[in-house]
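Pasting the structures in now, so scroll down.
Across the two complexes that follow, chain A remains constant while its partner is chain B and subsequently chain C.
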Partner chain A sequence: MAAALRGRAGALAFFAVAAAVPLAVRDQFFLDTLILILLWGALSAAWNVAGGYAGQVSLGHSAFFGIGAYSAALLSARYGQSPWIGMLIGMVLSVGAGLIIGYLSNRLRGPYFALSTIAFSQVLLIVASRWRGFTAGSEGIPVPFRPGFATLGLGHVAWAYLALALAALFYGIQVYLERSRVGYQLAGVREDEDAAEALGIPSRRLKVIAVTASAALTSVCGTLWAQYVGFVDPFYVFSVDLSIRFALNAIIGGLGTALGPWLGSILITALETYLRATFSGMKTGFAGIYLVIYGVALILVVRFVPEGLAGVAARLRARWTRAHA
Partner chain B sequence: MDSARRLGPAQIGVLAQLGVSTVLLGGIYALIAVGLTLIFGIMRVVNFAHGEFLMLGMYLAFWAFSAYAVDPYVVLFVSIPIFFGVGLVTYALVMRGVIHASHNVQIFTTVGLSTALQNVALVLWTGDFRIVRPWHSSVVIRFADTAFNLSQVVAFLIAVALTVALFAFMKWTHTGRVMRATAQDGDAATLMGIDTDRVYRLTFAIGIAAVGAAGVLVAPLYAVYPTAGLQFVLLAYVVVVLGGLGDMVGAMLGSLIVAAVEVIGSYLFGVAWKEVLYFVLFIAVLAFRPAGLFGQRGAETLGA
Partner chain C sequence: MLTLERVSKHFGGLTAVREVSLEVRAGDLLGIIGPNGAGKTTLFNVIAGYYRPDGGRVLLDGRDVAGQPPHAICRLGLTRTFQIVKPFGNLSVGDNVMIGALNRLRSVRAARVEAERVIETCGLTAQAGAPAKTLPVGLRKRLEVARALATRPRLLLLDEVMAGLNPAELAGIIELIRRLHADGLTLIVIEHIMAAMMRLAQRIVVLHHGETIAEGTPAEITRDRRVVDAYLGEEFVLAQA
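Now for the complex of A and B:
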């Protein structure tokens, strides 16, 4: 236990603060920001399982997000079923979709894999926005609000703890990937697939598993996000921009690190909230300004700080320990 | 396109119309895709921001037309040097530093560039759909049983002329040979005294000039908005993967295939579903022949 916690003081502090905030703060704006930080971080953590740990960089993860969002929204809006059932169905569908994408990942490396994932999410976008009879097409679906835990009609504080539980679970999954045999094998595949294969690591199977697991986790977040926000718009949930955002948080926070997704999420969500407050008068320009900053930040981070915030923090800690040793 | 459905019952006429529509569309797609495949073939970088330069070309045509009433075909002559310059600057600021980096770094660099450019356009020009309507976009040419829009025909002719010029440049000029040599083996080219940095810079500038010109050409045919590049670039990926990434002749054939799928698909199933067809085709090709229909097997897994 002690060994598992070593070097994780930052994560413990983060989760402790996240757990304390809803006790002290009742302001809906702050709680909303906290929930979004936790959810966006969890999404990036889900992406990180494939993109960071297995090195399968997807630019179409919004496909799984959308599957999760639609499964629960359609089930609760059309059949009055609990979104928890929708979450399970979304996971099953995403596992199916993840197996297809995972199979592709066996044959394709680098940009080819990214391209195929974009194409996949675009197919789902077109189906969701054109199949009017079932998905309500481009109008989107409002998610009915029914109070209660079974129907996910929760207040802000309950949502904050649900998002925190999700974040803690996903953090744990990533820590497992860092410390387990499977995790080391995945790192081997990521760094040099041919060498890993030569050592007898079943690289193909591992990549499929990583992509499929990542898909299922993304789908869970999609369900929760749709229930929290209360509306599913096909052009948002299946967009390339959304897929990029999952990757962005993970990269800025530190690709393939367990806390990185939330570090990135804090920075990006805070930036977005700040800019929203500052430029709220400019209706059309606003969205653009922070996305320009995202784009430029992405270029600068991959070039100059490829290890992300988590890497910078580790370097600073190492320097501090040396200075005080 | 739509005009196909409005034709009479004569099946021959329909087939002729579909055939000519395919060729017209394919020619334009080829110009978009050829820059992408050139950049990939020589620099080994997939430019995820390619569509954004197309969008900028469309905006250039829009503003020249609406502010100064300049016809897009006149703008074309200005656009080529402008976008060549834009390509040089982008290479120096963004691409140069990542040319030897890993695939993932390159992917996210161009993805970041794409996001930034899209939203610069959104901030500067809002998200409104803008339309360029010069006189030639409402002229219909009738030939035998077929009918075409004059803008489409001229765009096709210019696109083909530019693509052929690029082919000739690559094939017969000294610089073209140097570029092809770098594509084949960058290290060997360096040993032969070729300045690969200069080659990459030139390649990127030519690729951007080509897609910028394509943007100006399609402006009278499609609405202009900040994410207009996305639909075209997705299509260009399909074209380029079909033809084999980096293969210029393959890109031309790929353009015709994608255009045929689009034209015939929208005739049979309606415009709404045509994109599904070519994305499914795309995924199928990636799954079964990832090096492209005409490419060498195994090329897709090369690390370099």
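Now for the complex of A and C:
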């Protein structure tokens, strides 16, 4: 119980600091980094619902991200509608797509499932980049900036708090998955599906629900990201790189832990920002640098802290407690 | 409570279970024995919904449940354990059992209380906080039973929960099964340990090459010529005498 509380204390500290930063710092670069850390963390939290808590490792979650991004961008660019409506439409579409992926998770195991999710996201990429009449094809869509909350035309400070609210909400969803009946049942499914079934747990239905919920949450982030960045490029939003990023933040932070996605996000986002500043001259060679970061980070984590950064924090805490007992 | 009518299950050309019929009434403690590969586990898999039978009917309280998924059958009150134990390895023993208790309970808190009770009944209290994967084999078998019990079954299927136990553990689990039966639970028990079976079961079914070759009281079974030839062997009969 005490350990659980201290685990939450870490999260509380993180969110408190994140809330305080925009009050103290007005530097745009700094705020931008904070917003991205919160958003990428939320995306990994959304991924974690399927990949961590339900054990359905997807490498195609950019599909849902792209659906969310495109829904809102197209709606506001073409029809002048509020991106909030676009967010809702994106969620509905992602629930539909999530049901398909969830169904696949009951047909295919492990690597086969992961591969099928990649294929799914690449199909969407082809549609988005070729369907010129509707999506503007590979040119992408600029998202019009209209000031106001209803149109999500916000300043950096407002964006920081919006991203924080999203992060807190997603954190709460994960905590629910750790404490609730359905959360424990999902843990059973993740550990051993046959055993879970023997105990009266409808494993297939729970997996579909988890994957679908994960898809809808990812879509919400996609919408917000597109509105924040102001441009939707099909080759970026549906990329495999992005899917890997969602998974990697969560794995590095600690698979199936509630704060893990943001711990991973801090590390990866900070590294990326640093490298971008350092190598800003090298336009052409830059694209590959992500893969280098991901690769190195993943190797280090798997080799030295397979339980992720959240696990390291727990270990340090335990050592500290013992030393001061 | 449970009726099997000429149930069959094939794997390719192999017939693992051939037209097995049996009847289990409320309060029974039925034993199933037979040599390795006789089809005992396959029969459990068919009853519990893991395999759809290729022929015959599985009636639970008069309702044909063939083709229903295992979780639905569990909710109807039939729970099985696995011969090759399947603990939720990374979860604590307490959480393992609590997840079983969630079958009948909506609240996690209530399920915890229930789990504590079951864990005590099964003598796992000292290990309640440990990750299930750290348990030695004997205790894993007991966890398997505890988790199944927590679902509050009316009919419990135990698949070789005594295999690999030392004499003290064996005595403990036999005592536990006796107590559960005395409290009104209906059980089907697969076991190789004949001595234990003799003491526990009211009735024994003998499977051989997927077929029922004998059925009767333990005393009748040990006198049955075919059972002795197929399974028990002369030494056993001599030892009994």
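Just so it is clear, the second predicted complex is superposed on the first by the 312 of 325 C-alpha atoms of A that agree within 3 Å, B and C clash if a C-alpha of one lies under 4 Å from a C-alpha of the other, contacts with A are read in each partner's own complex, and residues count from 1 in each chain.
Definition applied: a residue touches a chain if its C-beta (ideal position, glycine included) is under 8 Å from a C-beta of that chain, and two chains touch if they have at least 3 such contacts.
The structure presented is a predicted model; accordingly, all values stated were derived computationally and were not measured.
Once chain A of one complex is fitted onto chain A of the other, the partner contacts of A:155 are absent, as it touches neither chain B nor chain C. Looking at the shared chain after the overlay, A:306 reaches chain B, while chain C stays out of its contact range.
When both complexes are overlaid on chain A, the residue A:142 reaches neither chain B nor chain C.
In the superposition on chain A, A:295 makes contact with chain B only, not with chain C. In the superposition on chain A, A:241 makes contact with chain B only, while chain C stays out of contact range. Comparing chain B with chain C, the partner in contact with more residues of chain A is B.
Once the two complexes are laid over each other on the shared chain, residue contacts for A:172 go to neither chain B nor chain C. Note for the complex: chain B touches chain A at residues 46, 48, 94, 97-98, 101, 103-109, 111-123, 126-127, 226, 230, 234, 237-238, 241, 245, 272-273, 275-276, 279-280, 282-283, 286-287, 290, 300-301, 303.
Taken together, the chain A residues at the contact with chain C in this complex read 179-181, 184-185, 187-188, 191-192, 194-204. Residues 48-50, 69-72, 74-75, 79-82, 86-91, 95, 98-100, 102-103, 106-108, 111, 147-148, 150-151 of chain C touch chain A in their complex. Contacts from chain A toward chain B in the complex involve residues 55, 57, 59, 103-104, 107-112, 114-116, 118-120, 122-123, 126-127, 130, 240-241, 244, 247, 251, 255, 284-285, 287-289, 291-292, 294-299, 302-303, 306.
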